[in-house]
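Heads up, the next two complexes both have chain A, just with different partners, chain B and then chain C.
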Partner chain A sequence: METLHTRLQEKFPNAQVTFANLEAGDHYIIVDTAHLHSIISYLKIDEHYTILMCLSGAEDSEFLQSVYHLFSESSRKKVTLKVRLPKDNPEVETIGDLWPGAYFFEREAYDLFGIIYKNHPDLRRIMLPEDWIGHPLRKNYIDPIQYQDINNERAYPCDVPNVTEKK
Partner chain B sequence: MEKRDHIETREEYRTKENEVQEWSAYQKLSDNVLFTSLDKILNLGRANSLWYLLFGTACCAIELMQTGGPRADLDRFGSVFRPTPRQCDLIIIAGTVTLKMASRIKILYDQMPEPKYVISMGSCANCGGLFDLGYSVLRGIDKVIPVDVYVPGCPPRPEALTEGLLVLQQKVKNEKFLVKEKKSI
Partner chain C sequence: MYELEKNNDNTMTLNMGPHHPSTHGVLRFILEMDGEIILSVKPDVGYLHRSIEKIGERVTYPAFMPYTDRVDYVAAANCNVGYALAVEKLMGIETPERAQYLRVIVSELNRIISHLLMTGVLAMDLGAYTPFLHAVREREKINDIFEILCGARLTYNLATIGGMPFDIKETTIRKCLEILEGLKKFLKEFDDLVTNNAIFISRLANIGVIDKETAKAFMLSGPNLRAAGAHWDLRKNETYFLYDRFKFDIAVGSGKAGTLGDSYDRFSVRMKEIETSISILEQAFKSLPSGEVQAKLPKTLKPPKGEVYVRTESARGELGYYIISDGTAKASRIKIRTGSFAAISILDKIGRGLMLSDLVAFMASLDLIAPEIDR
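So, the complex of A and B:
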């Protein structure tokens, strides 16, 4: 992956492309938000990373992240790309024009992390109901007690009357 | 000692005896009239034909299928599943209920004709169970619709659900629809 990283740096001299070498787990490349779409389309068309295995969201202490896992059938290699997005305005270009299936992953990341994918034709919630407030996998999310007209509060331990009392 | 011309097995002997008894009971009762209250006979019919909705929300539904299957065989209590709420007397909430699903369950419940009953099956439907700290999980179906019988377990065995149904039958048999409730002044 390091050679791929150097190639990317040569190809996109203006973009910030950093390589994170981990002791354990997959190595990954952090790319510039502005150049993400062109880098991924370069990887797909010129480097033959033809399969989008997974697109997910993540959050660390400073940034929201959108994570892309690509796989190349011809060279049998995987590559993980990450973009770092500021928490107050997480916007990144959609890659649904390269893989239409990505639209659904992006809707999920939008639903649970609130990452906005620009140029997405239909950026709605995919799993939670439309009128849900907030994005539940964010670290500062507080679980709702009231949803519509349902009060979802329950005292613990349950204060159920003792119905099984022996006569 | 009395001599028999052939030896019967015990089972054969018993069935013969039963047949004779049943026949004589039939003969005795055929010319008679039985008195019962209308409430009781209606409730008897109602209790022994509790049709439930073919509906499950999570893993408990697998156990619900087992209960309807040949081994536990809910059919022998007159309980069969119906695919539409309009033909059902009973809804068994089998599984985790999310907040999104809760409003849908309310609609299903509203579509059922009166009198209608609810069995809450499993810890999840009772109080949220395993997933009760999840942001999207309803903490007990009784927050949305009234529940008649709670069946504990994760998941409850088919025997437990059958027991739940029998308890519900008892409840149905003791109801009085035709008598006006006395108003307490």
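So, the complex of A and C:
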């Protein structure tokens, strides 16, 4: 994966491509938002990373992330790409034109994180109702007290009405 | 059940679901129809959204295990062991050999359960009620085994991080082998009743043909991808647990009833996989090693900072857990990638041009489970 990282740097000299090595688990490559689509299509066509395993949203302390897990059937290698998006304006190009199946995964990331995928043909909420406020998987999300006049609050969680007390 | 709406241009909007017997859970499709021909399919999902991923950020790593049951209640054991494997990989835990064998055993038993239900329900969706009862009768016997093993029949909660919370007894193994023998006889009976039935074949052959390239573009996985002709099985190509010790063939679609990748292929791949699972189980029982079933772990699990994407072969395709740890006892993010969610997006592409009754057959052959889509 480190060699792939250097290849990407040579191929895209204007893009910021950073290799991240953590204490445990998989390594990943952070790419900048403007070059994401061209880098992924380069990976798919020239490097034969033909399978998109997963697309997900995530959040670290300052940024929202859109995470792409790619897999190459011919070399049996995996690569994780991430873009970091500012929380007030998280916009990134869709990759649904490369893998049409990604459209639904992008809708889920839009619904739960509020990441906006540009050029997506049908970017609507998928899990939650259309009139839901907020994006639940963000860290600063506050659970709503009510939804459409259905109250979510009880005075005390153990209070169950119509239970006779033991003597 | 149906809501009809007349559009201006002689087409009709038909509301299928959310409570429709053939949608396998609470799932809704908005169909645009020209007579009985489908012009477009809009899946409307989310009725069973329980925000399992958000719950995962609020509970500790071991406490998330029961929630993974609810991701896919038909193949709950596969979800359990997949999650355990992901956390173990993040923490670098070695699982004892016997525990890994037990995980193979429960995964394969659960795969049989899931495929039996799928094949039975597929026949029921086509209007034949009897095969469903036959399949569920066999399924109940394996549910009994799960009850002996872990006390539950549907949502098992049967894995711990670092091993398994139970051991298998010699009497249970004997009972299991007896049931597998019976299951082999049942498969022959089922073949006569359903698989080689002319009406059944004509309802499924050449319906909803998915070729290999389309399947990969739409991120299909598992039996749906294999039915399209791809030799791809994570158990073999990306071995986890100790699947490399067992001899088995990957079941691939052959197109023997019509075209490669049609609904009949998706059905027959699952029938073949039941046989594969039986053979893996027999090998596993024969070579089950002795020893511990639980690795020694600290009382509170705090994985180091890092992230991991681990995928296993569930009954409904690739089940991936993407876990980001920030070094505390609770995960910073748990994403669950399921096979059904990927499969739902192909309905519009393939469903266009089908008859309404064929859409039901096509949908059932994809083996969609609503809670796995919505999570």
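We take it that the second predicted complex is superposed on the first by the 159 of 167 C-alpha atoms of A that agree within 3 Å, B and C clash if a C-alpha of one lies under 4 Å from a C-alpha of the other, contacts with A are read in each partner's own complex, and residues count from 1 in each chain.
To be clear about the criterion, a contact is a pair of C-beta atoms (placed from the backbone, for glycine too) under 8 Å apart; a residue touches a chain by one contact, two chains touch by 3 or more.
Since the model is a prediction, treat every value here as computed from it, not as a measurement.
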* Asked: Putting chain B and chain C onto chain A via the overlay, clash or fit?
  -> fit
* Asked: Of the two partner chains, chain B (first) and chain C (second), which one does A:112 touch, if any: first, second, both, or neither?
  -> second
* Does the superposition put A:86 against chain B (first), chain C (second), both, or neither? -> neither
* Should A:136 be classified as contacting the first partner (chain B), the second (chain C), both, or neither? -> both
* Considering only touches as defined above, state whether A:150 meets chain B (first), chain C (second), both or neither. => first
* Which touches a greater number of chain A residues, chain B or chain C? -> C
* Once the shared chain is lined up, is A:128 touching chain B (first), chain C (second), both, or neither of them? -> both
* Structure fact -> Min C-alpha distance chain B to chain C after superposition on A, in Å, is 6
* Can you pull the chain A residues that chain B and chain C both touch? -> 128-129, 136
* Asked: Which bits of chain A are touching chain C when the two form their complex?
  -> 22-26, 28, 50-54, 56, 58-60, 67, 69, 73, 76, 78, 80, 99-105, 108, 112, 125-129, 136-137
* Okay, in this complex, where on chain A does chain B touch? -> 128-129, 136, 141, 143-144, 147-148, 150-154, 158
* Asked: Touching chain A in the complex: which residues of chain B?
  -> 99-100, 102-103, 127-128, 132-133, 135-136, 138-140, 143-144
* Asked: In the complex of these two chains, what residues of chain C are touching chain A?
  -> 45-46, 49, 51, 53-54, 57, 89-92, 216-220, 232, 237-238, 303-309, 311, 318, 320, 322, 324-325, 332-333, 335, 337, 341-342, 344-346, 349, 374-375
